[in-house]
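This structure is in structure tokens; I'll ask about it shortly.
For reference, chains read A, B, C and D in written order, and residue numbers begin at 1 within each chain.
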């Protein structure tokens, strides 16, 4: 299992071209949130904006627009019940992340199916949280021409793969991933998270138990979307997103018993700057 | 009356196991808030999240979901008018705190009764604020197999115990507590707050008059829930929660004429870290 | 014209009694805000809470409850359209401040009349902003047994007194104040604001043009309410409230071209602490 | 092409007269925001308030009032669907900025037409974002006696001028601006933004690619409105607004990979103070 170290950050987080504009830094659609889980859409979209994404749109239930406007006025919103608007948004964005706080209602199920059906080549679809639960529960085929990144924690991966946690070893994980979608990248979130990319496994050398708190995964998904939007879909980009999330958390853990997702988010611009300069 | 000192913090606030995940740090349900008292549910749930609780759900009136999402996106919400959802939440969480900002409507009364009826062994039920007022006023029997912690201030204790403040001495307090529920722990909030645990009284050696402001009790309840969720129900855990609340307030009082609850909350991760390291 | 200096702050801002509780620091009711002017109720109530008031209730239109809960969870709210609740709140609080952002609708007019009719001896009624405009416009008699403090800026005083700004000299101001209410205290907000108390005029030696921004008066009203709630109605208390507002603004003005009300509010606990200690 | 340097800031950002009041610092109306683009109205109005504008009113859809109250309680709000209120507000304010987050609905179209029809001599109308898109798309004549400032980015200017980006050279831009409105000032936002004023072009010597993020233009529009409200409509004022926006961003870019609009806004009072003192 290859270990990922900080070099990947210097490599991925490029210095920006002075002539660039926001269209160069990715159009991100985050399909997230529901009546009971509004915070997830805030954390995920805030993470995307703070990671440098050019344009971030949140597709959610309109009851959450006010909270999103307050917390992250840089993001735009659409009502995910409006099928036409949603379809258009899925088609017009480059990275689509679906799942944080979505719940498992029939509406959520329809959204996951729409995201799979409407994404295509050159786009990236990140499947997280409730989207993964729905895929497992409703046996939704993971079928799209877009790049796929799945980000389960161990419990979600158990539901998807039917592997109990103690059997989640690389060999088994690869086999199950193959049967879900042979092209997908799997990020298995755990102590020292793992990336399953093509036929290799990589391990993150960062992370701490202060991160064991609600909203941490939603935040990673936002960073992942922001990074892919800016730096392109690749193993390096995915690794860098995963690593910076944990590295910032490790810094915060030195002085904080629990590492709140919103604190990680607020530190993104500074740490990204730092790594963009060490060459 | 035994005095509680800082050693209890070092003892209780354990270093986290690197292999742990959020499920290890408690599932907390906070039943709080009403149209007129929305802030209480925010302060209580923010305190629980910042004290390190793994998963925090707020059962409240849906008008307050937006404010909760904005202030504490790490928390989840449910509508406490939905009886089935509420019952399920009471059964699925490990610590249930009820009362902050609940008011004394018939709905609030129903919620207190449900919390008492549906909690059971291995759970902890924290009764605070309006829940205590309702128990006094409506003569609701304090009857559950769960661990019980009651956190009245002197006025609330007067309503519950019928003891005027100047008669609230240990001997009388024990007698009245006995008649309410012989297993319950009583935290009597006052200048140098007291813990009545089994047949002993303990006194907190911290606290200051800058804490005499709205929302201070809601904050303590959130910390109490977070600590019991993480460190288990015990005299030490209860003492540590009470003590850290006042210790942080004492630090803030050095530079602040009034100590706002939201400032105490924001300092929790740092002070908890400090005490987790002094061994 | 006697000048007010910083000594009044040391004199008024008493060290708190360790045995005290929030009931000792005033029950404040702020009747403020309307659909178009929601921010005024936030600034006014935040100022009251940050100045140390024990319990702060905002009577406003329910559309503003969410914003108040988010910004100042320490405050409670009531719907000012509910006549019974409002009347009870006016009777149960010690200091009632009315006017910020209230507008001049017939509802606002009814609220001003209710505040005058229902307040009585031992209470203090602060009339500000829209309340003063309504009194001028609707010729509402300023008639109550409560202590009265009126806080017009020069334009509002012109409407009340019919004195053009260049005729607003002490002699004229006294005469007009007499005809409005011979017991009322007038605070005339301007460059070097003046207090008309009984037959004397006092002048504040602080303030700056960076304070010339929206919401500044709402903030003063909140501090005034908080100070009277804690330190009692007196010339000294009124002077101290006015002075600390401008002194903090002067400090901020050193580094800020415009002094935002929300920044003054956040500094109140620190400056009050400072002045409580210099004896 | 003349270059604009920092001297213009010292020249424009005047020290405030101690005798002044908020009426001296401009009455600003911002017509902005819609269901899907609520954040734009927050950023624009926050920028205006933080740049020192005396009174800021946001005309928007009432669904956004709560978010505006929370983020910028110093601003007032009106419902832009209320034609009479809107017309009155356009007539009573000195600077009207229209466009951020307005969208391109028929309601938005009506608002742009009303702003053009109802503004007159001595007022300034700033046309930005959706307002420019609507003018291009609906061929709305840019016809008003007010001063006009248009603030397109290159894509918006392409829609307005029919000039592809590589043909947006001074000569062509002047010709197209002439045909839109011969009196209007054009600010062309790009790497080293340009001001087309009468028959001259000026270039800003500041700005960076960290500014390539959503909401950046909305923020500039708010600063522009605030500066014109305080310092009067002139080439110098317009230059100073454009320059301070980029200068603050350049400072932030030293430590931040992406420069969030809300961070620029929060730094305005400090940087304006600095430049008001260097004479």
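The working rule: a contact is a pair of C-beta atoms (placed from the backbone, for glycine too) under 8 Å apart; a residue touches a chain by one contact, two chains touch by 3 or more.
What you see is a predicted model, and the numbers here were worked out from it, not measured in a lab.
Counting hops only between chains that touch, subunit A reaches subunit C in a minimum of 2.
With contact taken as defined at the outset, there is no chain that touches subunit C as well as subunit D. Annotation, subunit B versus subunit C: rotation angle of 90 degrees from the Cα superposition, expressed as a multiple of 5.
With chains reduced to the mean position of their C-alpha atoms, the one farthest from subunit A is C. Two copies of one chain, subunit A and subunit D, touch each other, and the residues they use overlap weakly: the shared fraction of interface numbers falls below half. Subunit B has its Cα centroid 34 Å from the Cα centroid of subunit A.
Annotation: 49 Å between the Cα-based centres of subunit B and subunit D. In subunit C, the positions touching at least two other chains are 66, 70. Arrangement of the chains shown, judged by which pairs touch: one closed cycle in which each chain has exactly two touching partners. Against subunit B, in their complex, subunit C makes its touches with residues 13, 16-25, 49-56, 62, 65-66, 68-70, 72-79, 268-270, 272-273, 276.
By the touch criterion given at the top, residues 35-40, 42-43, 63-64, 66-67, 70-71, 153-155, 190-191, 208-210, 212-216, 254-262 of subunit C touch subunit D in their complex.
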